[in-house]
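Scrolling down, you'll hit the structures one after another.
Heads up, the next two complexes both have chain A, just with different partners, chain B and then chain C.
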Partner chain A sequence: METLFRSPSVDFHAFAPEIVLVLVLVVLLFVDLVFEERGRWATSTVAGIGLLASLVPVLTLAVAGGDRSLFDGAYVVDDFALVLKGLFLVAGYVTVLISTDYVAEGDYYEGEYYFLLLSSLLGMTVMASARDLISIFVALELLSIPAYLLAGWRKRDLRGNEASLKYYLLGVFASAVMLYGMSLVFGVTGSTVLSEIGDALAGGSSTVPVVTVGIVFVVVGFGFKVSAVPFHTWAPDTYQGAPTPITAFLSVASKAAGFVALLQLVFIAFLGQDDVWAPLFWVLAALTMTVGNLIALRQTNIVRLLAYSSVAQAGFMLAPLAVAASIPAERGGIANATEAVVTYLIIYAAMNLGAFAVVMAVARKTRSGEIGSYGGLFDYAPGLAVLMAVFLFALAGIPPLGGWYAKFVVFKSLLDAGTGAAVALAVVAAVNSVIALFYYASVARQMFMDPVPDGDTTRVQVPAALTASLALCAVATVAFGFFPNLAARLGDVALFGALP
Partner chain B sequence: MAAQNLVFAVLAVVAVLAALRVVTTRNVVHAALYLVAVLGSVGALYVLLAAEFLAAVQVLIYIGAIVVLFLFGIMLTRPTLGRESGLDNDQRWLAGITGLFLFGVLSYVLVEAFGDERLPRLEGLDREALTAERGTGAVGDAIFSTYLVPFEVVSVLLLAALVGAIVLARRE
Partner chain C sequence: MLVNQFLVLGAVLFSIGVYGVLARRNGVLVLMSIELILNAVNINLVALGALQGASGAVTGQVFALFVITIAAAEVGVGLAIVLLIYRNRASVDLDEVDLMKG
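Presenting the complex of A and B:
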């Protein structure tokens, strides 16, 4: 019997951001191929404009409104997906801005650099819409594999090789663990679509050990991606050895992509299984905050400091996940936790990218990543010193800079949950906020109080692209702090298909 | 049914023993060749499950491409081929204990969850309907309809991996 193949109907508007990105990828390859050396400067321009162009369909989709569910719910374009696609693309644009001069001056492959950066971003935009185990896995690989390569972009540098190799080996191992977990979940539920998995699991008894193991494996796999303790061991070495723009990209966009996948999996597929994941996230969140902060205290290299600080920040983002199931419905339920994580991701992106942009600007003069080299920065580069202070205090959560609102939404969702465990986690988070302030402030003290270490007070030349990225991040960080409604409006997104 | 069980038992034993040799042999080339045995037995298990497309892909890609790539990689990077020391490290006992623990946990949960499941007997099955539903044709239809997005994304993934591999391998 001949079965006729019916081609699926595809809503091209829903795929427009990804289609534009793929076109930009092709253009990048052609510019590199046709113009060769003469076109080197053009590649970063093409990448930057291309990323802005792919933001246009995200905006038109947002204006058009409505949830679009394609392929039987395997691919969904809802507010959640659109806000995160926007975040990834803007973070990618800032990464291109901070990369422009670094890559051009460093004698690296340029066309390929931007090609891989944009491939990784394509994986992230797909991840924001993927509501199916296979799509999530493929999107994860597409965003990770270019990142493994970019981490080792400084081919002749031993630290660069170490960064890439560690990231690759641990990343692949995490993927394997996660895939095994996914196969167990599929084996029990017989479906790869998240909403169907959610229905199937809700129907059966929730204590089947195989489901527990499946969920734990999946969460552990993404724990590597978001560098949660004890799966964070790759982060400091990779962050230090990778080119600094890629470090910024990994610590913001790649981490955000991991959280996006976690939110989708936990709140759609595993929602009824909170007795499995709630304690797991509680332990991960508490460990991640505490260990990240305690090790950050002892760092002498600014990039390693920011690496451990980003580990600690991930702990804050994990906290709402730990209590999501116990937030009562009249206070928003899981939507409350989703909002907390998404808002935190958006504000964290602005302040962390900004901090890395300052590190890059300062490194252009000092050629060093040691915190000691920041001594007296205020004397010869007052603008950079003030900006760095803004980003660091924002990361610490001092009002009126953006970070306070990020911390506020996390504490709000912890206290809304109101259970003993949630309050205990809030106490851990509060103690950690104080510890974090200590090391952020010690960098600020170096910049404003200490003398210049080598007495060299020539001004720092900041190229135009880097200035633009600094301005973007600074405006966003300050604006989110003074007008938290802005961040709240962006963060208030519900996951389509998640139960209320 | 007994024949199938027998074939399964043989394949499973071959796969497990070969897998053990992959990690215990002192010769890297032998490890790669034992890997062929592991992957081949798994491919045969797919045939046993009537997943002939998966079996063909397993042989073509894993044995045909990946192991051959391993062998080329070993040949091009090792000065001498043969027995080597330094393939082990001090953590092997810890790794062994972790492995055994994981094996115990996974065996328990799998038996607990699927121990009572039985494959349907062949006599009662409508083979044509099964082929239409699960055969190679059905896999093709699914890739180009239900799983169109991952399929297209994989094509970009392979392109990115290709570009990255060239950058890594190119002499400056």
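Presenting the complex of A and C:
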């Protein structure tokens, strides 16, 4: 008799990065349990080493090459997945570095903190491979639920509570709306595997209005995750109220995970429906850039300024999605747009994590997030002031710092598309680059020109872990600017595998 | 099979849920409204799955099981956050949680 259940053959090498992360999670819990108070510092070391250890299988998979498909195509390890897993793990490592002293000095729960941080990262590495509606949903929740808790880590701080509540309510609402959209897409196509949905939607059902509603709901759901205007309202409040390392983590890794899911859904499952999503992304991109930048102009708190700047940066990353369908095949087609988004994500991660690391270093002395407290930073902490200027001008896209190449690939893919809508979006993006320079430069002016507000010019003590993360981000930001081929190569190979 | 009734029920539950999230001021009731949306999703998944024959039905039901499981985890975290707010301010009125603006 034929058995109903056949166990799937599992390629453990393909799963190795996630398996290592799960093992590290277990070790973290164990260390926290056994060593209690006196060994709490060890948890950050374990988390950092564990993240580096889980990079090893990512590298061996890259060396081994070839695309691996598991569970009937629901979980795919291709070059796209590997590049983004690498990005998530490195961004997670930098987050652990900038968290180490902050969490140790702040009387927080160290073991649980790193446990949740790594759980969220596990969700992100799964997201990079998820090619099925169910696995995308599970990965999204696995990366979001720990993040809701981390945002409210300062339990007795009312701002921390508010950050967590706003993030949670809007996040859960968005994923519920997204699920409703997914249920409609599943209903029409009869499959949850993205490539099968893509085949079904490329055919005759393109006129079914239900599919349009489904796609719009799914895109709106992820619009919250990447904080696209008008779904960005949680971002500034959550970023301000959350612990600063978590803010850095959310604005880089969590946003990248949202873009990864969008790229997979749009370019694999919804590819044949570009008349639905292309105009939607055009409006989202233009609004996100413009509104983010205009509100950033009048911020007085550096974290809120960076929050709105990260909203605006998301607009630049959405732009290639808006025109992807009209890029001609000889210029790369959707591969061109994928490359632009991935390259942008990689460079943005380096600059933004660096900027937050400087904010944390300065806050150790000034205990303030107000931009006014950056007055005269160059006088008593020239190194930090120069680094901050490097990161801010990189974010503004001034050559030769990393950001120019990120902006360049976006403009290149807009102009490769060449349609009227694409050129109009390029003009909007160009105007926004100028607006952004204004507020980035005004922080730099404070640091170099203004006097120290309280006259206190004692030096800033920067602990070793924070120094290491600053150095990592600074080297990456400058290297990406001078040798854009580094980022371009990663963006270039980060393409979806051609799997059945 | 008439799938319409299920889809209409799903759409009505979804709409009530969205209304509840947008209009309710009490944190716990907002959580309940989100549950309504998730249950609308489950009805949709099971009903639309049944349209697709045996394998589609299994897929839809498995998806619904995942939604139920993860919704439980989500609400657990959500109640913890609402409880924290209640402890610190002795109220779960969401309108009062507005320290940060701009």
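Just so we're on the same page, the second predicted complex is superposed on the first by the 488 of 500 C-alpha atoms of A that agree within 3 Å, B and C clash if a C-alpha of one lies under 4 Å from a C-alpha of the other, contacts with A are read in each partner's own complex, and residues count from 1 in each chain.
Please note the rule applied: a contact is a pair of C-beta atoms (placed from the backbone, for glycine too) under 8 Å apart; a residue touches a chain by one contact, two chains touch by 3 or more.
Please read these numbers as outputs of a predicted model, since none were measured by experiment.
Asks: Can A:Tyr75 be said to touch chain B (first), chain C (second), both, or neither?
Replies: In the superposed model, A:Tyr75 contacts chain B only, not chain C.
Asks: Looking at A:Ile145, would you say it contacts chain B, chain C, both, or neither? Reply first, second, both or neither.
Replies: both
Asks: Applying the touch criterion given at the start, work out whether A:Pro382 contacts chain B, chain C, both or neither, answering first, second, both or neither.
Replies: After superposition on chain A, A:Pro382 lies in contact with neither partner.
Asks: A:Gly187 contacts which: chain B (first), chain C (second), both, neither?
Replies: both
Asks: Is A:Pro230 contacted by the first partner chain B, the second partner chain C, both or neither?
Replies: Neither partner.
Asks: Touching A:Lys155, do we find chain B (first), chain C (second), both, or neither?
Replies: both
Asks: If you stack the two complexes on chain A, which partner ends up touching A:Ile134: first (chain B), second (chain C), both, or neither?
Replies: both
Asks: Identify the partner contact of A:Phe173: answer first if only chain B is touched, second if only chain C is, both if each is, neither if none is.
Replies: So A:Phe173 only meets chain C here.
Asks: On chain A, which stretch or stretches are contacted by chain B in one complex as well as by chain C in the other?
Replies: In the superposed arrangement, which is not itself an observed complex, chain A uses residues 134, 137-138, 141, 145, 148-149, 152, 155-156, 184, 187 for both chain B and chain C.
Asks: In the complex formed with chain A, which residues of chain C make contact?
Replies: The touching residues are 10, 14, 17-18, 21, 27, 30, 34, 37-38, 40-41, 44-45, 47-49, 51-52, 56, 59-60, 62-63, 66-67, 70, 73-74, 77-78, 80-82, 84-85, 88-89, 94, 97-102.
Asks: Give the list of chain A residues in touch with chain B in this complex.
Replies: Chain A reaches chain B through residues 1, 3, 5-8, 10, 22, 25, 29, 70-72, 74-75, 109, 112, 115-116, 119-120, 122-123, 126, 130, 132, 134-135, 137-139, 141-142, 145-146, 148-149, 152, 155-156, 184, 187-188, 208-210, 212-213.
Asks: Touching chain A in the complex: which residues of chain B?
Replies: Counting only chain B, the residues touching chain A are 105-106, 108-110, 112-114, 128, 132, 137-138, 141, 144-150, 153-154, 156-157, 159-161, 163-164, 166-168, 172.
Asks: Quick one: in the complex, what on chain A touches chain C?
Replies: 133-134, 137-138, 141, 145, 148-149, 152, 155-156, 158-159, 161-166, 168-169, 172-173, 176-177, 179-180, 182-184, 186-187, 190-192, 236-237, 240-241, 295, 298-299, 304
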